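Two complexes are shown next, each including chain A; its partner changes from chain B in the first to chain C in the second.
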Partner chain A sequence: MFAKKVTESKKWLENKLKNSSDVKNDSISTTNFKVSVMYISSICKSDTIYQYIINPAFKTDTLSDYETYLRSFPGCTEPKDNQEALDKMLTGSVVIFLKSKLFVFEAKNVQSGYVSDANVEISILGPQDALVEKLSTNINLIRHRYHSERLSIENKIIGKLSQTNVAIAYDQSIADDSVITDVKKKLSEIDVDILQSAGQLHQLLTNKKWSLFPTLLITERPDRIVKNISEGKVVIIFETSPFALIIPSVFFDFFSSMDDIYQLPGVGRFLSFLRYMGVFIATLLPGFYVAVASYNPEIFRVQLALSIAGSRATVPYPSYLEILFMLFMMEFLIEASIRLPKTVGSAATTVGGLILGQAATEAGLVSNIMIIIVAAVAIANFVIPINAMGFAIRVVKYPILLISTLFGLTGLAISFIGLVLYLANQRSFGTSYFRFFEIDKPPNKKNKESTTS
Partner chain B sequence: MKTIRLTLILILMLTVFTGCGLKDIDKRFFVIGIGLDQPEDEDNKIKVSLKLAIPPKESGKSAEFQVLTAETETITEAVRTIKSKVDKELDFGHTKIIVLGQKLVQNDVRFVFDWLQRRRDIQKIAFITVGKPSGLEVLNVKPPSETLPADSLILPFGQGGVESPSVVQQKLYQFYQKTTERGLDPILPIVEAKKEYFDIKQAGVFNKKKLKVELSKEETKMFNMINTGLEHTDVKIKRDNKTAMVAVEKASADYDIVQGKKPSIQMNIDIEGIVEEQTSRDPVTEKALQKYEKAGSKEVKATALSLLKKLQKENVDPIGFGLRYRSRSWNNDTEWEEWQSIYPTIDFKVKVDFKLLTPGIIK
Partner chain C sequence: MGINRYLYYLIFLNMIINVVVLVPNILINDRFNGALMAMLVSIPISLTLIYFFGKAIARFPGMGLPEILKDHLPKWGHHSTLFLFGVMWYLIGLIPLLVFVSIIKDYINQDNDRLLIISVLLILLVFCCRLNSKTLLYGMEVLLVINVPLVLFLIAKLLINKEMNWDAILEIGTHFFGIPSLQSIAAATFMFTGYTNMVIFQRIFEGKFKFKHIWMIGVLGLLFLLTSFFIPIGYQGTDGVANYMLPWLVTADSIRIEFFVVERVLYLFIFVYISIGLIGTIIFWHIALDLLKNIFPEKSRDKSSWAILILFSAVAMTLEIFLNEYDRYDFTSAWLIVRLFGELLLVLIMSYAARKKALK
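Here is the complex of A and B:
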């Protein structure tokens, strides 16, 4: 039917894109001739394909007429070789196989109309797009940032009732095979009625009862997804959730913002330094305050010791109750302002801020220093760029506070060591949570393949 | 089960390590200064005064403090007695200054170090001084400029406040070391209590046990110059009825112990500065500067020699010539005895390199 050259090209293209579920390979048979088209459905406009490629095929009499018709489009060209055809295809073109020729026909579908700005992970200089609650759009967003045939996208359906479409995206040549098989295996093992969010899938994948720290990164930024895919990670995208899961993720990933790359290196380093400072303040400061103020006040400078003692003079409760009271007030305030409708939210912060900031000290319930400490803890906590990690840090300061209250500075040191040990013991799909360098990365057998292709 | 057992063991271990129990900062009375004096009653051995800081209730209020005194046979008893007079737990963690009364240091004072060294909550970096007329009176002074209790007593000794060339800085551990080190004798600053201020310009040299000799203001300055070097000081030069004040930017000294038939200590003093003020109306020319330099070195040499001879006469050694001698000798068994026989008759040779820089504008 087709000439040998065309059949070979088609085979070659099929082979290159065999792992992608969104590749469409259709043949059109009219009474007079037969053509076949191949395209990536997530980045092509199906209307265009029907209107300008399929429909006219039935309306023309001969193949040469159809060829002339195609040639009349400025966006329709004859590719030099297979590679060019593939490249065009990956940027949103349809490959049309005629009897002895093949054409590429541009039918790009850029979904910008209903892609909203990122509002959870905000970047100043980076791209502003965020994922949406539609899988094909999300794949479109990723494909448009990663024009490579090595990007595989495989579909899966999870949830007995919800039948949620999820897609596993990765770069075939650099992603770790064992992680891919592990992810697929775990996904197929999942037995749940309804799957609605990335966080839920995180729990189902890690399967731990009391886990506190996120071991998979949840993101809404296509640029972060693409960066991670290019680093050989596996990404799970959802039909109903504007968030994606990045597998595997280590501790330090949760403290990197995309702005670190977009800013100048000196600025970026300073920003990440600020974040780690923030983590230490948010976790250790409440415990440190109690340990020092109640066990070892000689650590302060004498001036500070006296002013703390002075400001605490009217406080009727011991320091650990004082700080617990204030921390809980702060948590209530944060929770209230997150969950309330936006119109009421500002009222909550105003009332809360007023009570916490001024009235509590004047009533002698808490000391001035305490207000500063609680504010520092809250602000430092907001510095953490990934929300899930921010929540984990919010929780982890309480055990540290408890142990510091019981055992003073020794307790603070021990609980901090305990926290580090706990984190070091975590694994994210086989990767150590504290992995800093790429030393323990297993050798990848697929690397060879990619260099030959 | 295993984790529960481990946690229990950890908690038990931790309870052992915590040290002092939970006591809030506002339930503690911080002892800022300790004064140790000769008791008035013959039966007792020591009079202890504690300067307790009262935390300011509102920010911006000036320093309030309370001084409590007790006379007993031991310091521990005195502290117990004072404890029964206060409502909050005494905390020695912020003790910054220890004042030994002038009368107390006339006799052997080494017994007080037992308490000061053994108390783990007293920081060994507390400053230690001799108080005139007594430790209690020094603690009782309240300068109007003070923002925190005993601030104006602590700041001159630390690097934070005024940098006076006649203040000798001694910390508790240094003083204690020097009471046992052979060849290096303790020296303490002498704080004189005035009505609303302190006068710290003198120093007292100890012969391990008690105060042996008091140094005058000029001698204290010279001691500091030889001992640690000075950065901001001044030298007064007198020449043909004219007086000039030299602002010294850098003054330092080094010395060698020349051994031999007639052992001597060769000391070089380097001073660099500018003429800051003079009584005559003559212009300060290059020639005049040379004359001032000559007169200045003579003056400094005389002061240095008189200080060294004074110390030699009293057979005390706060600069550490003996320690230097011991560190440069090999005969460990006899060197100390040798030095003790050498020191009273050793010859001092002082060479002063006085350099005056031309002040003024570029023409």
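Here is the complex of A and C:
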């Protein structure tokens, strides 16, 4: 009778975790008896399992001896019911099925030793861990923040030569089925030799030649991944890259930092307001400056128009050249300080800062106000928390500048409308990318079930 | 709010862009002969039309006008109706476009040629009105959310300004009892016609739109009518207001924001109206394009839509060359009357089709 109960429990557990590829289900047969163990390999220490569970099995003679041996461990208990066994398993325990009993044996593996701090997406009050370049560690980081049997992790191998291990993680009960099947289909269709980074996979998944804005969010923060999984999104984690892809993502995701949640609500709102201000400044200000200075100085109040004209008095060329010159200097400076080795980097910024700050104005090549504008554009661009979006915004100001140079304020208005519609036309795995209110989300699985039943 | 908000956005869009479709000009021309009465009369007319249209279209969830007509009208009737309405929607978009060209020429880009200005606008329109219907609704939402607070700010600023002459408004109020002309009724009903855009947008979101709170549309429409009629009168006087081709621009230019970088309200006004008006034109032409290309057989639709867009641009440019501002005014007021009857016809056809479907 007890034996039957044990096999039932085993089946129940298997069924609950059937979508997770990191669940191990082994049986140990010694000459005298047979036991089987079940555990989630990504959060258990395999050494512990070999040393304290598998090895002793071969050293004991009878099943009852083995049972007494197991009972002697403080971390080994008999679960009340199946649910408790499952919960323990999800927090890093091994379930041991004896003939008529089952035990849970704690073999937790918390990886903290070689997990480094986040250095691309920095948070002040949030957790500091970042993903690493090892898939099992990454899954471990996620599992330790999401203790639920609904989290399923499936493995895939992409890249003919690189054979990169990729895991798809999602919450079975709330993730959208159509997105999951779509992601799996697209992943299996990918034909590439080497896959090394999340950004590369983003391109392979979206498959657009001239896309400018990222439509899938790339992140290195396990807390952001877990938050998105709990909102029903699908996450792709890599073996060789410390970044994960979140599918689908919308425009506004790229402007939320995890600190918005960790800070008090008033502060969080203010921070996200700052970012949207930053986007407006970073995209429109250069175009606006050229349109106003060259076409319609009358729209400013007189004092301001005069002071702009006064500061431009020594500049020998039209305003668009002036701003292009400064913007390119700024871009060079940013690029140089990113790519240079850290020891040389400080030299580059000093030299660049000198030229941009003082010498160019004194030589009469650019106006003082121009410097302020370029600085404002650069700083406003840095406010965007997700790097990929920051780069997109960096690029997008140039087309706007070009159209504004040609057609003045009309050009600015037209390019703004064009930009809004371009963004509204993007889709991220079937989800509308750019919409102001997200009240009418597509019904996810949970809602669907409740409405059909 | 849900999905239904897009329906209200479409209605709201028409109420805001009335200024650039010369509705206030026509009403102001009739200010001593029943313009106020025309506004009052327009509300029951429009609300009845909305009611019947809403009832009829609810029978066709997820279907646009071309599909509805195809099922319920003979082929010649189907094609000629699509053509008629296609041209109508094209003209709804064309009038603000022509008005914008003259605003831009007069106030922003004085050095540029009119044809250059209209070509730039046309490039944007041609590329954007081929976009997906959902995209346009999302884009419209963003532009409205950015601009409507500015519109409300401008109206509030105009209303609380000391220069506003309330006596002039009261004076016009004494001319309340008059027999309204057809022209001013047609102009006033334009405010409420945003709902007709559903002939295409009904397709998306599986037709989950519902025509609810119709009285609210009436109240809002009346408020917008009153502001867009009375504010220019309050600033330019009962007689002076008729001297301007675009009384609202002069009105916007008569106030200042003393403590802001852009001092002249006029420029803020132009910007707000260019972005709202252009998205309006894009939406109207999107509908016109969709209606017209459905006349052609399914295979050649992609090619024919380009041909239609080239034709759209060519006609717009020709009209820009040949119409002066007076012609444009006459053209608009004649077109608004045709539009009123077109709207009646549309509601009749829709009710007919709905009835036919119900009997089946």
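The criterion applied here is as follows: the second predicted complex is superposed on the first by the 433 of 453 C-alpha atoms of A that agree within 3 Å, B and C clash if a C-alpha of one lies under 4 Å from a C-alpha of the other, contacts with A are read in each partner's own complex, and residues count from 1 in each chain.
Please note the rule applied: contacts are C-beta pairs under 8 Å (C-beta built on N, C-alpha and C of every residue); 3 or more make two chains touch, one makes a residue touch a chain.
Bear in mind the structure is a predicted one, so any value in this text is a computation, not a measurement.
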Which of chain B and chain C A:G408 touches, first, second, both or neither: both
Partner chain(s) touched by A:L304 [first = chain B, second = chain C, both, neither]: second
Partner chain(s) touched by A:A293 [first = chain B, second = chain C, both, neither]: first
First (chain B), second (chain C), both or neither touched by A:N25: neither
Contacts of A:R312 with chain B and chain C, given as first, second, both or neither: first
Partner chain(s) touched by A:S230 [first = chain B, second = chain C, both, neither]: neither
Which superposed partner A:T240 touches (first chain B, second chain C, both, neither): neither
First, second, both or neither for A:T349, with chain B first and chain C second: neither
Chain C-contacting residues of chain A that also contact chain B: 295-296, 298, 302, 407-408, 410-411, 414
Complex contact set, residues of chain A against chain C: 295-296, 298-302, 304, 407-411, 413-414, 416-418, 420-421, 423-425, 432, 434-437, 439-440
List of chain A residues in touch with chain B within their complex: 293-298, 302-303, 305-315, 318-319, 368, 403, 405-408, 410-411, 414
Complex contacts: residues of chain B adjacent to chain A: 10-11, 14-15, 17-26, 28, 30, 32, 53, 55-59, 91, 93-94, 96, 121, 123, 148-149
For the chain C and chain A complex, residues of the former touching the latter: 1-3, 5, 104, 108-109, 111-112, 117, 120-121, 124, 127-128, 131-132, 134-136, 138-139, 141-143, 145, 260-264, 267, 271, 274-275, 278-279, 282
